[in-house]
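Please go over the structures that come below.
What follows is a pair of complexes built around subunit A, which joins subunit B in one and subunit C in the other.
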Partner chain A sequence: MDETVAEYIRRTVLKIPRDEIKMMLQKWGFLSEAQLQTLNFHQIKDNISQEVVQLCEENSANIKQAAALDIIYNHIYQNKRMWSVYQMKKSGEELEYFDITDFKKKFKGRLRSTLKNVTITFKEYEDNAIWIRVAWGTPYKKPNQYKPSYVVYHSQTPYVFISASVLKSNLPLLCQALIVASNYHDIREMELRSHSLDSLKDIVFKRYSQNFQTYTPKLLQEENVEPENADIRIVQENRSEKERIHKLNQEAFGSGPQPKLEFAQYRLETMFKSDPKMDVLDKKEPFRCLVKFSSPHLLESLKSLAPAGMADAPLSPLLTCIPHKARNYFKIREKKGLHPENLVSS
Partner chain B sequence: EKADPQKTAFLLRKAWTLYSVTPLYRFRRARLRDYARLLGAFIAAEKQKGLAVEVGVELDIKVALSSLADLRGSELDQAALLVQLSSRSKASSRSSEDKLVWSGWFCSVFGDDLSENVPEQFTCLPLFLTHGAESYTSLVGSWFQKTFDCCFRRLAISPLNLSWMVAMWAGCKLDRAASAVELIFSVPRLSQPLDISYAIHPEDAKALWDTVQKTPGEITQEEVDVFMDCLYAHFHRHFKIHLSAAKLVKVSTAIASAHCDGIVKILHSQYLPGVLMLLTELAISQIQ
Partner chain C sequence: HLATSLPLPSERDHLRPSIDLVVFMIDIKSKYSLKNVETSLAHVDASFFLGKVCFLVTGVGRVNACSIETNAVCKLGEAYCSPVLFCELELEGTRIATAQRLVRMLRICAGHIPGVSALSFVSLMRKSDDD
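Presenting the complex of A and B:
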């Protein structure tokens, strides 16, 4: 077995938390059940990984098999990576039958015709997700297995999720190979990024509960009635305000759980407007700002601002549009013309 | 007021943790060498007791104390006092291989408010800045407390003071490559905590401040309030969020940055005295 393969397998096993190693090796299926029985999972990880490498040696593992283990690890720990979303465009309307073998062949062919040194691995999952791992080399160097790119493609959709390696120069080539293989003619990066791959899928596949426009306010109000205390002198002063905020929040965010995003970024190039009495800045040029919101669960956090008294209800559409516009990076400019108050996002 | 930039270069671009210190009793400038020796012995003794040092580190700690005559506001201020801890591995004995592991310095920049009200045997150096492991800070602090009967307290910086800093620093003259004026807010008490970073192009922030400030060289609370209100209003116009209700946690400009936990980084030697003067004032209000 190649030394580099051995080292790569050793390091991959070291990444896995100790009590998950057995499960992952079983999923991998490269070592037999009998071989797995010989492993002592109660020792330190260093030793476990050495033993795994020895068993792989017995089976003469090659880089393709090692790469398969890496995909399994990254599929389970997908949230450790940052994912960007790309959308592909078709020229015609025809729904072509998707042939996975054809896809793989075209993808590999396109990459290999430009770059001889690449390692390409595929794995299909039950939810129709095709995972692709690409390790990149140069004409003179073997592929760097430690900085691969990952692609997740749901063949029934025009969306591709990419977690690129640091080597951004390979991105155009990767995109090219994807459109050739999937019979699309164009691909563009969306302004949508997150660690939570599932949430990105929720957003673009519209799998989250979306805002109800106007038809259910009555229902919500009924739902919100608290059993009143016997003492009618106790009254919630802000009750109607609270209900109004609750209703507007539901309309903006929907009543179901929000997709999980960690941040939203706004590049503001709008004018600074002030009360003329204040006698401050009155430039004709934009007041340039960069605003970034971060939270372990951004949309839930934004949803709780108005009820907490930190924001007006309804919250600004710049924030509430995030899921249905499927973006968390924005550039906001002033709209010229009849309504100078309006803000345009691009 | 001008400090030699070479001597003060070590202060720049480092994150300093801030403390206020009450006046030192019977501190003698002439005895710096003695103090260095005593502090060194104290640290060695504490290490023997097994206290407060990283495990497995076999190092001798050498202490150096020096005065920085240039680092003060006026002649009424005491010169700054620098404490440096260096390590030398037991294997080597050459001082060229000493590695600086911790520095701390006491200073007073226009601290007359304090020093004019204090009896003669006391030395006023109300601001203490440290860089390095907390364990060393603790050791140095304990020794000074025991020896000079003084008291150290972490210097927190309130949102009010942070907004003074950002307004002042945003108004300073800029180089070409100045970094943004950034304010970082935290909204902790929500179901999911939220952090908001609000970064303004330095030219635009300065332009705003220039229209707010009425008298050059003087800043009033009212002007700082107007500046902040303008920023809050611009934010509210876009996002409908009341930033004034969030907690201002950190401000950062091309001049310096400051965090509410009392951590400061100074980037420009030109503004060093101004920043230190402000921090001295904060330290003194904490003491009084």
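Presenting the complex of A and C:
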């Protein structure tokens, strides 16, 4: 077995938390049950990984199998990576039948015709997700297995989720291979990034609970704003205000759990508006400013701002439009016209 | 009665009993909280400041998150001749103890304790080096 393969398997096993190693090796299926029985999972990870490498040696593992183990690890720990969303466009409206074998062949063909040194691995999952792992090399160097790119493609949708490796130069090639393989004619990066792959899927596949405006909101029974057992001796003086805030919040965010995003970034290219007497920034140039909101769970924290009394309701549409517009990166420019208001553009 | 600020909404005036004690809660982590209390104080009738007003500062357990200086709150208490209590709501012990203190004060302010008036009690609460 190649030394580089052995080292790569050893390092991959070391990444896995000790209690999960057995499960992951079983999912991998490369080592037999009998071989797995011989492993002692109660020793330190260094020793476990050495033993795993020895067993792989017995089975003559190659880089393809090692890559398969890496995909399994990254599928389970997908939230450790940062994912970007790309949208593909078809030229016509014809629904073509998706053939997975054809897709794989075209994808590999396209990549290999430009770059001979690549390792390409596919894995399909039950939710119609196709995971692709690509390790990149150069015409003179073997692929770097430690910095691969991951692509997640749901064949029934025009969306691709990419977690690129540090080498940004390979991205155009990857995108090209994707559109060729999937019979689309164009691909563009959306302004949507997050660690939570599932939440990105929720946003673009519209799987989160959205609130649809009804024409007769007054007919709905006023919801109990205080679900917890409030003592009847406590009187809320501002009940109507609390209910107004709750209603506006429901309209803006819906009632279900929010998709998980870690940040929203607004790049402002607007003019600085100050008191003319203050004479600040006399030049008529846009004031460049970057505003970034970060949180372990941005949308839930935005949703709780008004009820907690930390912001006025309704919240700015710049914040509440994030899931609907499927973006968390914004550029805000001046609107050209008589009334200078802000225009959100891409 | 819980309210986010003063004045109280007028639509509930007819439902409200007479008020014996006003406790202004200031979250030490929020400058806005202090500002809100300062604005609300203007809506309190002067007669309340004879022992029927108290300031409760919460969140003092989290030293790293303080946005307001305790000095500023103590000065506020002095300016309005009202006691300032400090407590940490997240700790059950101080929470219960503070609640008991407030209930005792409320009973005095409501006139349930014979021989002790709100005014006499609040002058007892003042630190001796104030005079």
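What we mean here is this: the second predicted complex is superposed on the first by the 308 of 346 C-alpha atoms of A that agree within 3 Å, B and C clash if a C-alpha of one lies under 4 Å from a C-alpha of the other, contacts with A are read in each partner's own complex, and residues count from 1 in each chain.
Rule of thumb we're sticking to: a residue touches a chain if its C-beta (ideal position, glycine included) is under 8 Å from a C-beta of that chain, and two chains touch if they have at least 3 such contacts.
Owing to the predicted nature of the structure, the values given are computational and were not obtained by experimental measurement.
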{"item": "Subunit B versus subunit C as contact partner of A:Leu318, first or second or both or neither", "value": "first"}
{"item": "Which superposed partner A:Phe287 touches (first subunit B, second subunit C, both, neither)", "value": "first"}
{"item": "Touched partner set for A:Leu268, first subunit B, second subunit C, both or neither", "value": "first"}
{"item": "First (subunit B), second (subunit C), both or neither touched by A:Ser301", "value": "first"}
{"item": "Partner chain(s) touched by A:Val235 [first = subunit B, second = subunit C, both, neither]", "value": "second"}
{"item": "Touch count on subunit A, higher of subunit B and subunit C", "value": "B"}
{"item": "Subunit B versus subunit C as contact partner of A:Gly309, first or second or both or neither", "value": "both"}
{"item": "Those residues of subunit A which subunit B touches in one complex and subunit C touches in the other", "value": "309-310"}
{"item": "For the subunit B and subunit A complex, residues of the former touching the latter", "value": "180, 187, 189-201, 204, 207-208, 211-212, 226, 230, 233-235, 237-242, 245-246"}
{"item": "Complex interface listing, subunit C residues touching subunit A", "value": "1-4, 8-9, 11-12, 15, 32"}
{"item": "Contact footprint of subunit B on subunit A as seen in their complex", "value": "266, 268, 270, 272-274, 278-283, 286-298, 300-302, 304-305, 308-312, 314-316, 318-319, 332, 343"}
{"item": "List of subunit A residues in touch with subunit C within their complex", "value": "234-238, 240-241, 309-310"}
